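This is the structure I want to talk about, given as structure tokens.
By letter and in written order, the chains are A, B and C; residue numbering begins at 1 in each of them.
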Amino acid sequence: MGKANIYLLMLGLLFSVQLSAKDYKVSDFGAKADGITVNTCTIQKAIDYINENGGGRLVFEAGNYVTGSIYLKSNVTLQLNHGATILGSTNPFDYIKDKKIGWMSMIFAVNQENIGITGKGTINGRGFITANNMVNYIHRGIYTDPLKLDRPNETNRPQNVYFRECTNVTITDITLRDPASWNQTYDQCKNLYVDNIYVDSKSYWNNDGIDVVDCDGVVIKNSYFDAADDVLCFKSHSADHICQNVVVDNCVGRSSANGLKFGTVSRGGFRNFKVTNLTIFDTFRSAITFAAVDGGEIENIVVDGVRSINTGNVIFLRIGDRWSKGKKPYMKDITISNVYAEVPFGKPDAGYNYEGPVEDLPRNISPASIVGLPEYKIQNVKLKNIEIVYPGAGNPLYAKRGLTPAELDSIPEMRTAYPEFSQFKELPAWGIYVRHAEGISFENVTFTALKKDYRPSIVIDDVKGASFKGMLFNEPESKGKQQIFQQKSSNVVIQ
Amino acid sequence: MNKLKIIVLSLTLLCVLRLSAEDYKASMFGIKSNGTTLNTTAIQKAIDYIHEKGGGQLVFYVGRYLTGTIQLKSNVKIRLEEGAILVGSTNIYDYNINTNYSSLVFAYQAENIAITGKGVIDGQGREVAYNLIDQVHKGIIPDDLKNDRPSTRRPRAIYFRECKNVDITEIVIRNSADWVQVYDQCQNLKIDKITVDSKAFWNNDGLDVVDCKDVKITNSFIDATDDAICFKSHDATKMCENVEVRNCVARSSANGIKFGTVTSGGYKNFKIINNKVYDTFRSAITIATPDGGVIDNILVDSLYAYNTGNAIYLRIGARWNKGRTGSMSNITIQNMYCEIPNTKPDTGYEYEGPIEDLPRNISPASIVGIPGQDITNVTLRNIQLVYPGNSNPNYAYRGTKPADLDSIPEMTAAYPEFSQFKELPAWGFYVRHAKNVKFENVTLTAKGKEYRPAIVLDDVKGATFSGMKYNEPGGSKKQLHVYKSSGVIQKK
Amino acid sequence: MSKIKIVTIILLTVCTVNLSAKDYKASLFGVKSEGVTLNTKSIQKAIDFISENGGGKLVFYVGRYLTGTIQLKSNVTIELKEGAVWVATPSVYDYFGVNGTKALIVADGQQNIGIVGKGVIEGQGAAVLEQINTQIQKGYLRETAAQASPALIVMNNCSDIVIDEFNLMNACGNVQSYTGCKSLIINGVTVKSTSVKGTKGLLLAGCDGVKLSNIFFETSDTEISTTETSKNVSIMNCKNAAGKKLQTKN
């Protein structure tokens, strides 16, 4: 995406914000800020009124406003002043499962334009209580749900925000916390502008930070996310749509899953992303996961400037063949540069609510990995100016994957599996593992293992065209150890 | 015994005495003040330890101490310093629900126990009750959910049974799931300067004193959904006696001060002096013996009641008396003032009292025995009751004709409540089945016109009226209606 | 009425009774009785659930149940035990209506429904009206106060309705209004609704087969108002606050 495009986008958003000139106080409509009164009908009336009367801002002044599901309408912005909190009702029956969307949410918008949620106030879903109340109703036979994994299906728990097919959406300055399911989803929206938001989302299972699904024209910047599930999560639910033209700048994320994630549902794909100045910390899985497992196309992705501290894994690029339905996935033109990362020996998210699941054992610390499929290679990946510090200490008596052809071939393809950096269990490298790829270039990459590891730093397998320039490996007692190992690969240039 | 022995003994005793006076900080036992750590076992260890060491005080400083049931033991005092909150767990399984004494703080046959200090006991009763209901609906806990609430297992904040020398001072008790505090067959109970704020769930009695002896309740404030200050007698071989209630303020969506409902043994030698009742749904004072108990020698002096649904209700019934005869005699109520509104007195409080026994105009104070069991020797002296008046005979009517008066049901087996007879034929006082009732210097005021007389006597043997005053708008009317009664003397 | 008709009705009644065999306690659906929680969606969920599962009775025990508009559905009876009070929320936007008339309890095209028991439906008329007037004054509510005022019960094109025993208090609009309903029995109900001006006790339009008995009306406007389109209306032992026996105009 050119700079001009971005400016146009921002100008467009600025314009829409200026349109919403008139302010209405929600208290004037009779809403009570007592933290007890369920204001659903009153807030809805206020939104409808502003929508019908030329638009404006619905202002929440300091106080606690309880509500169930409401629908935001065109030209209406919810302005949450400092100290104002919209509290989700803890009664699951106060929420609607939208027929078109198929999910529950507190704040919906469907097919609206020029909408927003702004201000220094808070949206607090109180999802832990609501989700547990739902569990109770399911056990009583009042609500039907199989309780898979002993939790209600994600769609039967309210998110904080779900906007679908909306244009010109502004989300600025607010705090979003404690949803019962995903947190905020923008699905097939155009021109989404998210700036300076604070997200604390670890009150129940599947609490994502932000989900951007099949959107076109997205800016997310200056925001902080702490989530139990994926933090900055881009998805593609529709094979006919694609997430594209996305700028993410100056964001900080913490997760008991992944930091920056494409997928898991990835039917259409992801195109033209520029992610800069990203900080990920205390994160259980990967700082960056790009997955094309459902036939999606991933293309032209630039990630520049990443600090990844105390994260379980750094980079995981994956093509799979899960729900592709014959659609051919691809992933190409990925540039990841200026990365500093530290992977710990212990559990990075220890002590947070809803810690990530300990799984895929036995396994020594997993390397970064780029793993396509034999017929769908990951193409043209550039890794530049990268330093990753690993704990090392891979112990072959605990888990071993050696370098013999038999052992390397024993790594399963797992084409239909849920993509996660740990899915292959033990991998034969401690720095990075690349399989089924074309045109991979490493430039100025430093891998450090703090303790001796039985594995080499890099293993490439079935790679056509790889270049290594300015590689540096730090590992104790490793004099003369061959740190790059290749199998079934061609055109490999090591400088 | 030689001298050495005596010295050793003295030293030992000294040590013991010193030990028993000792304060123990909660943190010593690993008790956490963060509000999320469940401290049940740590607090219990602390109590057991102090008890075994001869006694002392377990001190909680500012913080939130989450706990399930703990059992207080002899010579152990719990001290809740200002800012310290003992918080009840919301998990019903953290309580002793398989006993009859489900409670947060429990004691059985303990002596010299106390809970003191300006701290708080918060039962989180609403959440506990909801969670219990949830377990019932899921079929995990059996309960008939009578009235759509669990009949058993709801924990009280305090349940002390058969304890001696109990001291409850200064603390605040909030949000119980059931009765707030029960002292059952205790002796020498002192309650002073406590605050009860409990409108968390149904049956939140403020204070229940059951079959206790030598009780002093003073300087306390009680706001509760059910009866505020409540005396009961569960055991036919026991009774509540030698009780003093002084300088207390009560608010309730039931009765302000109540004797009953369960009254197996009875009540003797009570002094209830200088108390206030306000915003209370039912009666300022109810004295009831529906279960065969004996009530004797009760003095109520200086009771002030504002915005209260009813002033006085004295009642003998025959509910669970199993052939025994209940009696009530020697009741003196003096220096009382009560204002009764025509609106609902407890409007706006959570768990408001139930609107029932309709249709009915504003109910009078009443003294109602049962045939053959008169309420005996009642003195009403220096009393002023202010009623709203404005009864409408088309809405509800009970005239003074014999047929009307005889149509009032005896309801001997019913739960005793001032409204139980629905419409009554008087607006000030209704007296039935009583002996030797004295009205001295009693003023009855109706602010609006009434279709009923102020007082109706029915089957009363001996009634003296002196210094009576009736204020009702409109012309003068006969305010005293006497039916089937004898020995009625009206003085100036 | 011929004997066959009576037998048919009795048979139907027996069937109905069998259908509504199941009693559900309100707490099963998380309905709260403390008077503060707005129960609208929980009560509605309960009614929908019972209606979808063969019908039955939704029982409310002693307590105060705050709610906005509730839609009654076929084969569901609401029982308010003595001491149970449905309290109308003062919040004006929590109401909707049928046929342009808002109400706390509405039913449209439903069969075999009822509200029974010795409890109370409290409309909080004065409080609701105050809110309505404020919202009209601010210009947010574009209806007249009369249009916006919720009645207590409004039913449209329903049949086999039993309204028995309980107390209806302080409506904001009219107390009860039935349009195009068949087989309506209202018995032993006490209406006390004078907190707002212009409250009518009972409106009937285009109804067929209405039995009113033992009803006490204390209202600020006409007690019973029937249009000529209603037929087979009988009134027995109904009186107003002045003690006057009420008659139908047809």
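One rule holds for everything that comes next: contacts are C-beta pairs under 8 Å (C-beta built on N, C-alpha and C of every residue); 3 or more make two chains touch, one makes a residue touch a chain.
Because the structure is a prediction, the values reported are computed rather than measured.
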*Classify the chain contact graph as line, ring, star, complete or other.*
complete
*Would you mind telling me which chain pair, A-B or B-C, is linked by more contacting C-beta pairs?*
B-C
*Return the distance between the CA-based centres of chain A and chain C, expressed in whole Å.*
51
*Hey, how far is the Cα centre of chain A from the one of chain B, in Å?*
59
*Just curious, how far off is chain C from chain B if you go by their C-alpha centres, in Å?*
38
*Mind pulling the residue numbers of chain C that touch at least two other chains?*
28, 36
*asked:* Could you pull out the residues of chain B that touch at least 2 other chains?
replied: 137
*Identify all positions of chain A at which a residue touches two or more other chains, and write them in rising order.*
136, 140
*Which chain C residues qualify as touching chain A in the complex?*
28-30, 36-38, 40-42, 44-45, 49, 68, 91-94, 131, 134-135, 138, 140
*Enumerate the contact residues on chain A facing chain B in the complex.*
136, 139-140
*Can you list the chain B residues touching chain A in their complex?*
134, 137-138
*What part of chain A is in contact with chain C in the complex they form?*
28-30, 32, 36-39, 41-42, 44-46, 49, 68, 91, 93-94, 133, 136-137, 140, 142
*Considering the complex alone, what residue numbers of chain B touch chain C?*
126, 133, 137, 145, 147-149, 199, 201-202, 350-352, 354-356, 358-359, 392-395
